[in-house]
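What follows is a group of structures, each given as structure tokens.
Next come two complexes, and both contain chain A; in the first it sits with chain B, in the second with chain C.
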Partner chain A sequence: MTTTTGGAETAPSTIAKRRGPRILGKHPLGLLFSAPYLVFVLVVFAYPLVYAVYIAFHDYFFTAPGAVVDRPFVGLANFVDAFTDPDVIRSFGNVGIFLIINVPLTVVLSIVLASGLNKVTHLKAFYRVAYYIPYLTASVAVVAVWLFLFNGSGLVNQILGPLAPSPSWLINSHWAMPSIALFVTWKQMGFYILLYLAALQNVPNELYEAASTDGAGAIRKFFSVTVPGVRPATVLVLLVSTVTGANLFTEPYLLTNGGGPNGASTSPVLLMYQKGIEQGHPDEASAIGVVLVVLVLVIALLQNRFAGGKD
Partner chain B sequence: MQRRTKFIGAAVVAAAMIGLTACSGGGSSSGSLTAKGPIKIWYSNNEQEVAWGKATVAAWNKDHPDEKVTGQEIPAGKTSEEVIGASITAGNSPCLVYNTAPSAVGQWVKQGGMVDLSKFSDGAKYIEARSGSQADQYKDADGEYYQFPWKSNPVMIFYNKDLFKKAGLDADNPKLSTYADFTATAKTLVDKGVAPNAILPAPTSEFFQMSFDFYPLYAAESGGTQLVKDGKSTFNDQAGYDAANFWRTLYADKLAGQEKYQGDAFADGKAAMAIVGPWAVSVYKDVNWGSVPVPTKNGTAADKTYTFSDAKNVGMFTACQNQGTAWDFLKFSTSTGNDQKFLETTGQMPMRTDLATTYADYFSKNPSYKLFGDQASRTVEVPSGPNTVAEMQAFRDAWSDSVIFGKGDVKTSLDDAATKIDQLAAEK
Partner chain C sequence: MSKFQATLRSAVLALGALVFLFPFYYMIIGSLQTKQDASLGGAFPHPSNITGANYSAINDRINLFSGLLNSGIFTAGVLVCTLIFGVLVGYSLAVLQWRGRGVTFALALLVQVVPFQLLIIPLYVLITRTYGLGDNYLGMILPFAINSTAVIIFRQYFLQLPKELFEAARIDGANEFVLLWRIALPLVRPALVTAALLTFIGPWNEFLWPFLITKQASMQPLAVSLANYISNVAATASNPFGATLAGAVVLAAPVVVLFIVFQRYFISTDVGSSVKG
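Coming up: the complex of A and B.
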């Protein structure tokens, strides 16, 4: 009896001891170390995201702390207001054009350039820094240079001569968005090259040697060894370039002076700024933001599904 | 693993709920109209206004040790309006801001950030005594003053006399008063190759750019009509169509550029004319310039021509604890003496009925400013209300499409913009 009783008494306490730490995971200290970042994510990302969803479904505007205002639930009214505005629809089309140009161009150019840089033996540091500098330079400064290059009497048009588009690139409704896509591709390239360079260090040399033994040339090795070898990095580049591209703001704000010409380069985030901050309608701006987040998530899931493979 | 997920999930939801609970506002402005004590003010960051602001604050503080005023430049941001709007939401606005844009005030009132100056016992009386009927444009829909009409920068046409002479034009009496004369003069300037653009207002998409191409000319052509009056657009009338068609001709004939110049086109000789306020007198010291009122279809005498005010006002904010002191300081800073100092320091026009006579000495010593001083009594302001910026953006989008880039019909474009603006004006 005693043994039985004792056993019955000790069993729960043992379970309790086992359960205790499990609430905080197998390694509670790890949670402690990750807590600052968790708090950062909650405060800076999760909370604003949840709050934006709340704003999108309410008649909401920013108020002074003492002001008493009614903020009724309005269902989908903000979404209807936003997406019956042709400018909003157009902005999503614009960013679609941007992504179609920017994302594939980013992936292809950065993997090719990274492969090239990986093989460079002389002036390696110089080349790597040269590609990385535009990424580090403030957008405002770089935009100013591009404005001089691509304006009507700029260097690019002088070189092209009669082939230059009219009106010029940044005020041409057909060329404004592709010009921005090209600018962003160039500006961000250094970062993505760096990702690929890191990934390339993990591709075993033996694979290249084996491919050479089998008679593969440089192009064959690139497609059969390099591309599959850096697949995780490609997925990352796809995701990051899509997410940052969908958040396009600075370039249409500065390069085409507020999404011009005629809204041909207006992005959803620029419209969110105009509607939410300039015009005092954060509810409509949040509705645009929520739809943008959902669309980006869908695209990211598709990219992960089709480009990610089993990784 | 599931438990940990639930734990983290619960934390996220809890954080969100705390945030959402905190959303609902309550209480009221803690300031009082009669409270006295130290206050903070913000002023513009241009060199001249900073100098005036510092001197005015120092003069006040000398005589009011118990009601000390602390002045500083408006904190840096994309625009002053964004900074002020953010400070309202954060509850840390200063008592007074000497640089509020009339286009933004309606939003700030809606936010509960502005003090109704009419509530001071002598509020409306003081404003109207100083600014006369011009103050009417700064009342809200209920006839209250949430902004103090402070100064205007009536815009006019500046022209480069040297370039005019180079093109063989009469630089002392330029033909710029009618649309036809202006266009012919512009054509001569460009055809003679003295400048790539006759005039180059920023052809960009920002809402406020309409104030420096369409609006001054519409004000002049319509005899001083606001863009929106009694909740209805006014610009879809013959005066609006004529002003818009005038600009469309300039763009279509390549007399005005469709691309923004990276720099100051007038100072760099890339444009022979510019639409500017009195601030330009000190800025264009190196240009041999002349000034004329903006053109109208058939020409209007200078003393009958209206234009856009480009005014900046003073706002008092509900975060202010000592509103009594703030009102006293506001009156002190806009007294006859301090307005004179402001005029002398900045060259901008205090919004006073008696400007030309009160400061006759100043205008006789500074003849460059005389036309601006005279023009200051005939200015038109942007419409009031919480959706002013959205209304101006709707206009700018239509303008950009049909006038700058010549797509479609100007009349249809302005009519469509008017419909959209009427809807916005009807929204609370």
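Coming up: the complex of A and C.
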């Protein structure tokens, strides 16, 4: 009884669907469900992205709402204006220093801590919380502590005694950028440990057992099984940490008081804020942004080429 | 596994935990000290040097309550939008078949690698100048309204539900809203918790965007007013160290408490899958 009614109901409905408009697929409702998100992506990402490029190539300035003004196309003039400014060149160099310190340190430390955490049985929940807390906490809140830990008479210098740099870390033009890189490494590490922990679940245990029977020690197993096994995660960590580094703003703004000393820790985004919004040159700021994104894309492609393998 | 290796591993992990947690301990201790003591002994202060005065000192300067309220409204707006619209997209990406599904999924992945900072100039122009939403909660919420990582997490969880479940319910005549609300959603509760936590920390901790579009102090989320205090006002306070750290504790506490309460629902593989797609 039930089977016959079931059959009788499904047959016409499939025919009806076949006859109906297939342009939108089997469940056109999917498009309706996704419409708010698609509008959101269009309004907040796609349109501003195009607009940013437009601003970068035009003589753009802030006007009162509704005012119609002429904004002529100026070709590369904004790029020339921005990149003949030594501060801008310096800020890109600073991000370079940042990435050279931050990215390798992040990959090495998070892979080591994640594989240790993966094998431990006691206190696992405690370690997970401990490692993740800096990532969860607002930069503004932890910056406050680091300011006091690393200032001239702060705890770090008290412990280091005569080894402390002078002037102190954040006001020393050699140490300002490396200090920021260390801070960000510390703050973001929990997220990358989590990514590696997830990736480690996919490394088959048999590989470790096989390596053991072949007489491999712990270190050999780490380099021959773990590291290749989590390579997709490494590609992802490289990408995310590079993008994070390129987006640096809060740390130089607060830790080194606006990119000090003397521009030794300015970042391109900090300059975008200063030039674009404080000084009213959004066109130059957009030009900086476009170059920044293109550079990030190039770095990401190179990383993918050399670290990605077949993935 | 030798005993030496196990000991070494424990030592490395414990050292890691110390490095990650000590600044937080120092934040709390510092916020309670009457006088700043930067020496090593200051990390273990004498009870006579403990006070709550720093909390009232920071409250006099930046009105913690209105800061928390603004952060709360900003975060709640993002959470509500993400939980409603994000679940709808996640469901239609995982369960429904429609034209444009592949493109929408690709967009959700792509959006996560677009550096938000490139967009600040056009978004600033559009939201403050064109739409006139400066110093406005809507303007604060809009760029963060639907968290794409949450969308991917929802999709991942809905994908894991057996296909037969949906087919059976459709045969019984359930429409898609009933299916989603009554059958699918109750089964993906862990995804809701993970996605809600991840979404929460975005706007709660965000500094740059609300900093750009709020000029009135009464509209600023706590992260912004605390940052302004650090960069402008702290120098003139009697115990800037204590007051700043008291503000930092108030800003950090809600997230840390939420995470500790919900951490057993928070599964690392969710986050992993979300970014791998």
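One rule holds for everything that comes next: the second predicted complex is superposed on the first by the 270 of 311 C-alpha atoms of A that agree within 3 Å, B and C clash if a C-alpha of one lies under 4 Å from a C-alpha of the other, contacts with A are read in each partner's own complex, and residues count from 1 in each chain.
Following the convention adopted for this analysis, a residue touches a chain if its C-beta (ideal position, glycine included) is under 8 Å from a C-beta of that chain, and two chains touch if they have at least 3 such contacts.
Quantities reported herein were computed from a predicted structural model and do not represent experimental measurements.
Using the overlay on chain A, decide if chain B and chain C clash or can fit next to each other.
clash
I'd like to know which partner A:Ile277 touches here: chain B for first, chain C for second, both or neither.
After superposing on A, A:Ile277 lies in contact with both chain B and chain C.
So, A:Val296: does it touch chain B (first), chain C (second), both, or neither?
second
I want to verify the contact counts: of chain B and chain C, which reaches more residues of chain A?
C
Quick check for you: in the superposed arrangement, does A:Arg71 touch first (chain B), second (chain C), both or neither?
first
Applying the document's definition of touch, where does A:Tyr51 land relative to chain B and chain C: first, second, both, or neither?
It touches chain B and chain C both.
Just to be sure I read the superposition right, which of the two partners does A:Leu163 touch: chain B = first, chain C = second, or both, or neither?
Neither partner.
According to the stated criteria, A:Ile171 is in contact with first (chain B), second (chain C), both, or neither; which is it?
Touch status of A:Ile171: first partner only.
Please indicate which partner A:Gly25 is in contact with in the superposed arrangement: first for chain B, second for chain C, both, or neither.
After superposing on A, A:Gly25 lies in contact with both chain B and chain C.
Touching A:Asn257, do we find chain B (first), chain C (second), both, or neither?
A:Asn257 contacts both chain B and chain C.
On chain A, which stretch or stretches are contacted by chain B in one complex as well as by chain C in the other?
23-25, 38, 43, 47, 51, 62-63, 65, 144, 147-148, 151, 257-258, 277
In their shared complex, at which residues does chain C touch chain A?
Within the complex, chain C touches chain A at residues 1, 5, 9-10, 12-13, 16-17, 19-21, 23-24, 26-27, 30, 36, 38-40, 42-43, 85-86, 88-89, 91-93, 96-101, 104, 107-108, 111, 113-126, 129-130, 132, 142-143, 145-146, 151, 171, 176, 201, 204-205, 207-208, 212, 223-224, 226-227, 230-231, 241, 244-245, 247-249, 251-252, 255-256, 259-260, 263-264, 268-269, 271-273, 275-276.
Can you name the residues of chain B that touch chain A in the complex?
Touch list, chain B to chain A: 3-4, 7-8, 11-12, 15-16, 19-20, 23-30, 81-82, 85, 88-91, 93, 107, 110-113, 202-207, 257-260, 262, 318-319, 386-387, 389-390, 393, 397, 400-401, 404-405, 407.
Which of the residues in chain A come into contact with chain C in the complex?
Chain A residues touching chain C: 6, 9-10, 23-31, 33-34, 36-38, 40-41, 43-45, 47-49, 51-52, 55, 62-63, 65, 112-113, 116-117, 119-120, 125-134, 136-149, 151, 153-155, 158-159, 186, 189-191, 194-195, 197-199, 201, 218, 232-233, 236, 239-240, 243, 246-247, 249-250, 253-254, 257-258, 269, 272-273, 276-277, 282, 285-286, 289-290, 292-293, 296, 300.
Quick one: in the complex, what on chain A touches chain B?
Touching chain B from chain A are residues 22-25, 38, 42-43, 46-47, 50-51, 54, 61-69, 71, 87, 144, 147-148, 151-152, 167-168, 170-171, 173, 256-263, 266, 274-275, 277-281.
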